[in-house]
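In the two complexes that follow, chain A is the common piece, with chain B as its partner first and chain C second.
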Partner chain A sequence: MSAGAWRANREPAILLGPGVLFLLLAFFFPAFQLLAQSFLTFGTEPVQFTFEHYAKAFVDEFYAGVALRTFRIAFTITAICLIVGFPLAVIIARAGPILRASLIVIIILPLMTSVVIRTFGWLVILGPGGVISWTLEQLGLIDNSISLMHTEAGIIIAMAQVLLPFLVLTTLGSLSQIPPSLEEASRVMGAGFFQSMFHITLPLSVPGLASGSLLVFALSISSFITPSLVGGVRLQVMAGSIYQQMTGSFDWGFGSALSVILLIVTLLLIVPYMILVSRAGGRQ
Partner chain B sequence: MIAATPRWVMALATTFLVAVAAFMLVPLFVVVASSLSSSAFLVFPPPGLSFRWYGEILGSEAYLRAGWTSLKLAMVTVVLALALGTPAAIALSRFRFAGRATIASIFLSPLILPSLIFAIGLLIIFSRYATGPSFTGLVIGHTVITMPYVIRTVSANLADIDPNLDEAARVMGARWWQRYWLVILPQCKTGMAAGAFFAFNISFDDAVIALFMRAPSVETLPMRIYSTLEFSPDPSVAAVSSVMILMTMVLVVMLSRVFGLSKVV
Partner chain C sequence: MKQRRNWLATFGAVSLFAFAQHASAQETLTINSFGGAYEKIHRELVITPFEKMHNVKVEVVTAYSADTLAQLRAQKDNPQFDVVHFSGGLEHAAAAEGLLAPIEPAELENHSQMYDFAVAGLDKGIGPTYSTAVIGLLYNTDQISEAPTSWSDIADPAYQNHVLLTDAASNTYGMLGFLMINKVAGGTMDDIQPGLDFVQKILSTSTIVSKSPEIQQNFAQGSAWIAPYAQDYAFTLTKSGLPVKFVQPEEGGVLAPITVNLVAGTDKRDLALKFIDFSIRAEASSGWAEALRYTPTNREAKLSEEVAAQVVYGEGDVAKLNTFDANAIAKKRPGWNEAWSRAIAQ
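Showing the complex of A and B:
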């Protein structure tokens, strides 16, 4: 770099330096260590290079079951979020200022509440003697108290509430870029409400819906707090078993290998997400 | 245009909105309701009303200590995230230089990596190169995950402001510290305030990094709530959670006052 180039770039370099240095040390270095740990023997001297952790992850049937459950749950949650989130986003986008603001608060308030607390709420609702069980009993639909705790249905309901805001907010971004005149034109030209919805609004919100669902899917495969508390130890998901390996059985090599696998799946989803988002941004 | 929406669709939409609002808010509502229960067990409906669980948490040394730890952690995190994030946001929005896009994505990458993965890396680092998980470790972890929010809010803020003001100050002979102190930083005020609210909220609520970086001597409120839920939930957890929900509501109101909710989303 010549002296002139240095002078021109000095100011941004000084501004960015501390942050970049901090991220290299506190973010990229730990991520790299995790990757390294997954290929190293753990707790032996000397430390050796090994593939045994990955081999274990792919051979052990228990983990195949855990992975299958994780993806099944994540798919179901994504589908629920799409079905509920799209109409909700459409309503928010068209509502008057007051309704719009209150709906956004309804979405943001839970989003900004600790996930531990939201899960706690679901434990009270889903558990035996909980809100659902009590309501059904009062309606005379069931005789004995029921519980959705320790069921996949319970995990899915609780996690869908935690993740729905992400889908709604990304879809809202897409919807706000559709000029209202487009829909008005289609209605004036004789299209019915649903015709204009399916031929105009839905196709134009696909970028938002797609990036929102990728985000929801990626977040749901990496969450462990809600599935661990609602599902318990018997219904383990990938993130939960990673937590177990790292803090319970202290098998860090295996825990790291599972995390790297999870990370690869997440990146496979996140990269298309980023591309969609940057394309949507470029259209503005 | 709304008038052209069929009436039965409007009715359906109303029902749908009520159901969604219930789905989103009932979990928070039942937590608050349980905290007012007079029973020692979490049963629905609560047999009677009482504030005894709030008295209980105020007299509980463990909760007070965890609350103090969470507060300290969130405040240190806010200061660090602002100190590192604001200059970066200024550089990224006010200067054009080679590799700008790459550096911008480096700064936003903690948003993309699941915090679970980052938390494990942090745990490995602190166990290998330090004396294990600690308060410092939590501060570092939280600064990493909150800094992108500061960068986003300050950048959004600066995008609305005329960059020529700084140029004018420079032309008029302002020294670098005069430009930053009198022109640029005052311009970033709103973005910094919004970023601080986000950072505080995220740090105060985080359980993922906290659970991995669990040190025997350091316990935050979400960690305490998590372990109580795992073993023996009682209405005192509900009381603590209700206090945290109230704090979140206050933060959301402040955020919308300062920044406007439409800009946040």
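Showing the complex of A and C:
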């Protein structure tokens, strides 16, 4: 590198330094270790190279089922957050300062509550003899008390609640950059409220919606505390079964293989999505 | 003013130092206990009376069994503990690794008062069981008027949708309960398929939880009527006002021993043995039952009528208790965890 190039790049390099160092230590190093572990045998001397962990993960129907459930749940949560979050973000963006602040606080509140307390709150609402079950029973719609605890629906409801702020806040960022005059212009030109919303507001907030939904998807695919507390032991998700392999069965090789698969599949889904979205965004 | 404070501080430091010197002149025994309410009662029943009786200081390190085992391993050449307490069967692993020292029956005055199972491993380095948790059936007395009598009663159609099982993969009591269900269903330690089949049969009308607070919730909300779990936890539920009773089924409950062990290589062997002997005396054994509803392992332990009705007590009932080999469990657990997770998966 010439002296001139160094001088030009010096400041960015210094600014990037702490972040890169942290990523190296806290992400790339452990991720690389996991990758190595996933190809090694355990308990044999000497340690050997093997594909057995991957073979088990792919051949075994049980783990395919767990993976399928994980992605199904993550897609559903993302879709719900998009459907609920976009209109909400529009309202917040257009609201007066007081209403706006209080709406934001209400949406962020679940994030600030400990996961244990939040889950116990859901237990009171979703559980057998809980509010939902009691109401349906009083209305005469059901005979026996029902429970949404230990169901996929329960996991989705509880996760969508806590992940919603990620989508709303990022979308809010995009929305606040849209000049109100654009919408006003479209309305003046004779577009109805929903037409203007669909042709002007929605396309212009795509960048926010995209990064928000990516966040929601990535977080729901990797979370295991809420799924294990609300979903119970019978509904395993990938992160939960990795946790169990690592801490319960001490099968680090297989646990690592599952982690690597989760990472790769997530990247395979996310990268094309990002490319697609940036093209769509570019056309506007 | 400031000077005076300095003077006071110096005086305080000097007297503290003198006190510390005095204390260290006393012989010190280092042990672990499990913290919280358990440690408080441990101090009342054993530690404080022992200190007074022998004019020694007992240094208590709060550490659960797994932590204690890890520390013993790390300090193998220079052990810092003299006596260690274990639950969950880890004394078997520690003894097999030579971290615990064998004890001669003659070295414990109270040895003859102990039930056989409680001192069965002394020659291998497994210390006496000073009290034991028992896994049996918990049931809601408001919903079930006649106490269940057998482990297989959890498949009784009358309890459908109200059976609460505990995850065997993540909960030790859950695993012990499952092994007993397996035994009653005709399985062995080499074949848990009968137990898995039994559980699968009742799976669609049962709930499975993984942590004990969830058991409390389910009983409190009325969704659980019957659950295989521990006798001492039934007492926790009773204390919180729930109509729950513990019963030992006719096939017997399962022992979950809590042991007091002599650390190999301690230079205070005599004092440590005195402590162990003091831990297994009848008063301590009955004290654990009174306070936390653990079953006494000393034959001479006397219980009030109220407590006796809530724990497995007396020669005849104790004889029914089942033991599962902790070493075999440790070795097979990874495979069992996986088989269990598959069997219960939705």
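Annotations
Please note the rule applied: the second predicted complex is superposed on the first by the 237 of 284 C-alpha atoms of A that agree within 3 Å, B and C clash if a C-alpha of one lies under 4 Å from a C-alpha of the other, contacts with A are read in each partner's own complex, and residues count from 1 in each chain.
Quick note on the criterion: a contact is a pair of C-beta atoms (placed from the backbone, for glycine too) under 8 Å apart; a residue touches a chain by one contact, two chains touch by 3 or more.
This is a predicted model, so every value here is computed, not measured.
By the touch criterion stated above, A:F86 is placed in contact with neither chain B nor chain C. By the touch criterion stated above, A:G248 is placed in contact with chain C alone, chain B being left untouched. Considering which of chain B and chain C touches more of chain A, the answer is B.
In the superposed model, A:S114 makes contact with chain B only, not with chain C.
Of the two partner chains placed around the shared chain by superposition, chain B and chain C are both touched by A:L123. In the overlay built on the shared chain, the residue A:V233 is in contact with chain C alone; chain B does not reach it. By the document's definition of touching, of the two partners only chain B reaches A:L262; chain C does not. Residues 123, 127, 129-130, 228 of chain A contact both chain B in one complex and chain C in the other.
The part of chain A that touches chain C in the complex is made up of residues 62, 65-66, 123, 127-130, 144-145, 147, 150, 228, 232-236, 241, 244, 248-251. In the complex of the two chains, the chain B residues touching chain A come out as 1-2, 4-6, 9, 13, 16-17, 20-21, 23-31, 34, 42-45, 83-85, 87-88, 90-92, 95, 97-98, 103, 106-107, 109-110, 112-118, 120-125, 128, 140-141, 143-144, 147, 176, 201, 204-208, 211-212, 214, 222, 225-226, 229-230, 233, 237-238, 241, 244-245, 248-249, 251-252, 256, 261-262, 264-265.
Residues 8-9, 11-12, 14-16, 18-20, 22-23, 26-27, 29-34, 37, 84, 87-88, 91, 94, 101, 103-110, 112-125, 127, 129-131, 134, 158, 161, 164, 169, 172, 180, 183-184, 187, 193, 218-219, 222-225, 228-229, 239, 242-243, 246-247, 252, 255-256, 259, 262-263, 266, 270, 274 of chain A are the ones that touch chain B when the two sit in their complex. Chain C makes touch with chain A in their complex at residues 161, 167, 169-170, 207-210, 217-218, 221-223, 333-334, 337-338, 341-342, 344-346.
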